[in-house]
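Take a look at these structures.
In what comes next, chain A is part of two complexes: it sits with chain B in the first one and with chain C in the second one.
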Partner chain A sequence: MDTEMGEAEHAMLHFVTPGETVTADTVFMRGHGTYNDGEELVATVAGVVERINKLISVKPLRARFSGEIGDVVVGRISEVTQKRWRVNMGARQDAALLLAAVNLPGGELRRRSESDELQMRQLLSEGDMISAEIQGFFQDGSASLHTRSLKYGKLRSGSLVTVPSSLVKRSKAHFLHYTLSPGLHVDVILGMNGFVWVSKGSKDANKKGDVPNSTQEDADALYANVNEPITNEERMAIARVSNCILAIAKESELITEAFILLVHEASLRIDCKDIVANSKQIIDAAKMSY
Partner chain B sequence: MAVSVCEREFTLTGVASNIRSDGRGRSDVRAAAVESGGISQASGSCRVSSAGGTTVLVGIKVAVGAPAVTASTAADADLDADIAVDNSEDAELSISDADLRRGRVVCAIDCNPAIIPTMDPRAVEDLCIDFSEVITKILNADHGGLDLQSLCIVPGSTCWVIHVDALVLGYGGNLLDTLFQATRGALHDTLIPKVTVEESTSASTGNTSYEFDVADDETEDLKGCENIPVIVTLFKIGHHHVIDPTPLEEACSDVQLSVAINRKGLPCAIQKTGNGSIEPSQLAEMIQDAKAHGATLFKDMDEAIERQRVRSLNDTK
Partner chain C sequence: MKSDVVSPEGFRCDGRRPNELRRFNCDMGTASGGYAGSGADGAAYVEQGNTRCLVLVFGPKEPSMRSAVLHDRATLSVEFNIASFSSGERKTKLRKDKRLLEMASIIKSTFESVILMSSFPRSEITIQIQILQFDGGSLHTAVNATTLALMNAGIPMEDYVVACSAGFGNGHPILDVNYTEEGMDVPVISLGITPRSGKVILLNLESRLHLDEFEKVVTLARDGCTQMHEILDTAVRSSAEALAR
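What follows is the complex of A and B.
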């Protein structure tokens, strides 16, 4: 990639609207977000023109989430059907979570039978929130998910905040654990699709990691419908972290593990419910403390 | 919307402990911006956008029409129509005739189902119809504040019909309160053309005929706007109730109580929606909370409308 040129172009971002001619030069190749109209290359979306050597594409300012294999996503079960759950994750189409792609209570080596198929709603029913990983894509472009690790599965003891998916940066860690003060823990699952689950933190940060030898109780607890007891202090901390994430999104900054913590610290002198209204001030203060 | 068991429980316990998922208490509201006069083609318009994402645009169109839909003397909406009214009937006005001597309000709400993804498209349509009914009912009633008598042009045949057309542009919960707030703002912004009515009695038959003329450039404010009530909807979640809910809180609420509060701080209309029940003691508490919130809403609305008025005065200078 011609980086030198790229940086020079960065100084003067080229915005286009749908139907606007990006270039009339025929040497360029047609990329995403553009089409050929005779000799001209025309934008199909509103966004920024990106050029990689001879390939011209337009990156939309607002886009639906289209994931990649391996992305951690947070979604809501919208339908229970034959051998699969349909999951709304804010993409163009609902994703599918196959019965064969989940851990069933009773150990990994258990055989799946027809009775499992009939009891699918006991595991996950409509409206349930889950975290999962994108396993692959079907022919029609819809994603196939899996939860075949103990870190994925049903989400409890917290609330959902939704941000534009473009603000979530793909990184090593999407399961974040914050210790805000001694004994006050908040967990954040940063879905690549812009769904963020903020919940009461587990005391032991390592518990969220992969557990190679899962016990029966762990697997059973995976589908339980019971919240952990939450104190008022913890509830306020969950609300504050949620509002911080919304404030970051409002200022169109990337949502990362470190930045959430900085913004949280900057927000402490402001009342929890006023964080989003004062987002500019808080984000500026957080940036200063970098 | 289908909500998971855990989310519902989290919301319920949150409301019970007075910490909602966005950090607000049960009676805290989100800020709303009021902007009137945005649509120059309309007689009046207003846009209210709440910090929660609910955005509503209301346009008012005033037109000359017949007083009540049921009026037997439904006349054409011709601007210069001459309509004869029998003089003898005027003497004994019955209650139903009062309807013929005043204008009316018609409300229509439009909402693209895609704006409320958490609801079934058919349910969104029903919701819009329900809300437009509520708004129409309140504004046409005596407690609606508007001076409908002043909208009468020719008794029994012609009056001003105020069309309230609302468009939902964004949804973040608490739609009815926002819609009514925007309607209120738009009616404040509304100017109706001046009408001059000429009365003439023909010597031969003794009948009175009216002739009226709608002025092209002279307008006047709608009378009684400041007395339009505000609507406060209380959502019962668990054993408590909240105001200005988020979509998730709305989904967790079994029963809602919409209370219209007038300028004196008294409830003038109450509607219960949803399948749940309200205990008598809680009903009293809910109405009390609605009164308290209604008073602050009045204050906020008055300030916002005054700001808009000052700004538009400066613009015209």
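What follows is the complex of A and C.
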């Protein structure tokens, strides 16, 4: 996707490998995935050359997740330290979730006291899954998260699916809600980091993504450790959607709201456990129905 | 009677000419299939003749040990392992085999100079190397496979690292020495270069080689490295094409 077609008409996709000269023209600036060797701009990764005006960068085909501010991510608490949780989100370093960046039970606005610090493990302890948003970055490149909206927070009643982060595109909706059949709902949180949370859906479809009324119970329920009761059908639905997402990832297709639904429909005639093994067939069928 | 390393007709024991590489075959695990189950960020499987090697790359990730954190760059850790079923005789591996540790440290220092470590402060890159079948030249096979695996993981490097071995037997410098030839008292050097700059970043010789022959052998190994660079580059491009399709 070149911004200017003028000079780059020769190749839509310019693939380079490490040590290969991208350009010997000195007017260009060095971006990610390149370095200067004298006059020449040389690639450091195997990937596709991207040019934005005078900035040249090389994007590797696969790489670890490196987020941007505002990205919705799903992560796992790896450590509880003073005033912050460390969150593993499949990036180069663990992200930090500051105590000051979460909603505490009992009212939005109140001072964080020392007793809150001592009770941090009651809120989120090691191994808990959370959804959060990237708030910013520290000097060393590690991310700082926040869960200040009620749509973020502890995750339960569902299962985690990990896919390559490159398959999740940044979009308006990362909190997805599917009504698979009347009364059967599944929620999906598409983390930009490739962690996808598939869970029992909220009954009320139009509540999707909205911030529920902030009441005392809601805030307390935010950190509850118990799953909601899940029926067998719901379990099967969660498993099927999870396997559909894995099948999409196996075929290296983008994971989008619409495509998950199409793949789910295409998968219905196949046993849930065979979905990933028959991924090619299902994805092809889903693409046909586009 | 001791047979010659290179026969009077100019052939070696496996039918190669002195300046021929062994058959090369590789597979870079794609993002979704292949070695994804291992949870690795990058993987490569390489065959050079009958030597087979699998490399997994993890990271850059949060260091598993606090002590491994460096504030200005990433830490690299290399595990080198030869499978007990890899050679003719089954060996039970000792926990701390000095040879394996040395191989790991050679590979570590080779790649530390090429990977742009300073782009990933406070993180860790782990390379796991497994020799699945042993037929000589495990060091250079491992280096080539590691290059591919690092590229597969999207870790920035200044250049390829390509390696090749060469030896000297009855008057001929020979390229890409196999296990049988290693056993014929052939002195073997392993050479690793970065093809863009042509710099030698790995040179390993474990036996004695006459200085008069040294240059010939190194030149041959360099030739082999240049050939290897073309082979690896083709492999990387075709695997990228397969992914784009």
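By definition in this document, the second predicted complex is superposed on the first by the 266 of 290 C-alpha atoms of A that agree within 3 Å, B and C clash if a C-alpha of one lies under 4 Å from a C-alpha of the other, contacts with A are read in each partner's own complex, and residues count from 1 in each chain.
We take it that a contact is a pair of C-beta atoms (placed from the backbone, for glycine too) under 8 Å apart; a residue touches a chain by one contact, two chains touch by 3 or more.
Note that the coordinates shown come from a computational prediction; the quantities given were computed from them, not determined experimentally.
With chain A as the common reference, chain B cannot sit beside chain C without a clash. Judged by the touch definition given at the top, the superposed model places A:Glu251 against chain C, while chain B stays out of reach.
When the shared chain is aligned, chain C comes close enough to touch A:Thr17, but chain B does not. Look at A:Gly47: by the touch rule set out above, it reaches chain C but stays clear of chain B. In the superposition on chain A, contact is made by A:Ser78 with both chain B and chain C. Look at A:Leu160: by the touch rule set out above, it reaches chain B but stays clear of chain C. Of the two partner chains placed by superposition, only chain B is touched by A:Ser242; chain C is not. In the superposed model, A:Gly67 lies in contact with neither chain B nor chain C.
After overlaying the two complexes on the shared chain, residue contacts for A:Asn225 are found with chain B alone; chain C is out of touch. With the complexes overlaid on chain A C-alpha atoms, the stretch of chain C that clashes with chain B is 78-86, out of 78-86, 96-104 or 150-158. Residues 78 of chain A touch chain B in one complex and chain C in the other. Touching chain A in their complex are the following residues of chain B: 1-7, 9-11, 13-14, 17, 19-25, 28, 31, 51, 248.
Residues of chain A touching chain B in their complex: 76-78, 126-129, 154-160, 225-227, 230, 232, 235-236, 238-240, 242-243, 271-273, 275-277.
Residue ranges of chain C in contact with chain A, taken from their complex: 30-33, 41-42, 59-62, 71, 116, 120-123, 151-160, 194-196, 233, 236-237, 240, 243-244.
Considering their complex, residues 13, 15, 17-20, 33, 35, 37, 42, 44-47, 60-64, 78, 88, 92-94, 140-142, 164, 166-167, 249-252 of chain A touch chain C.
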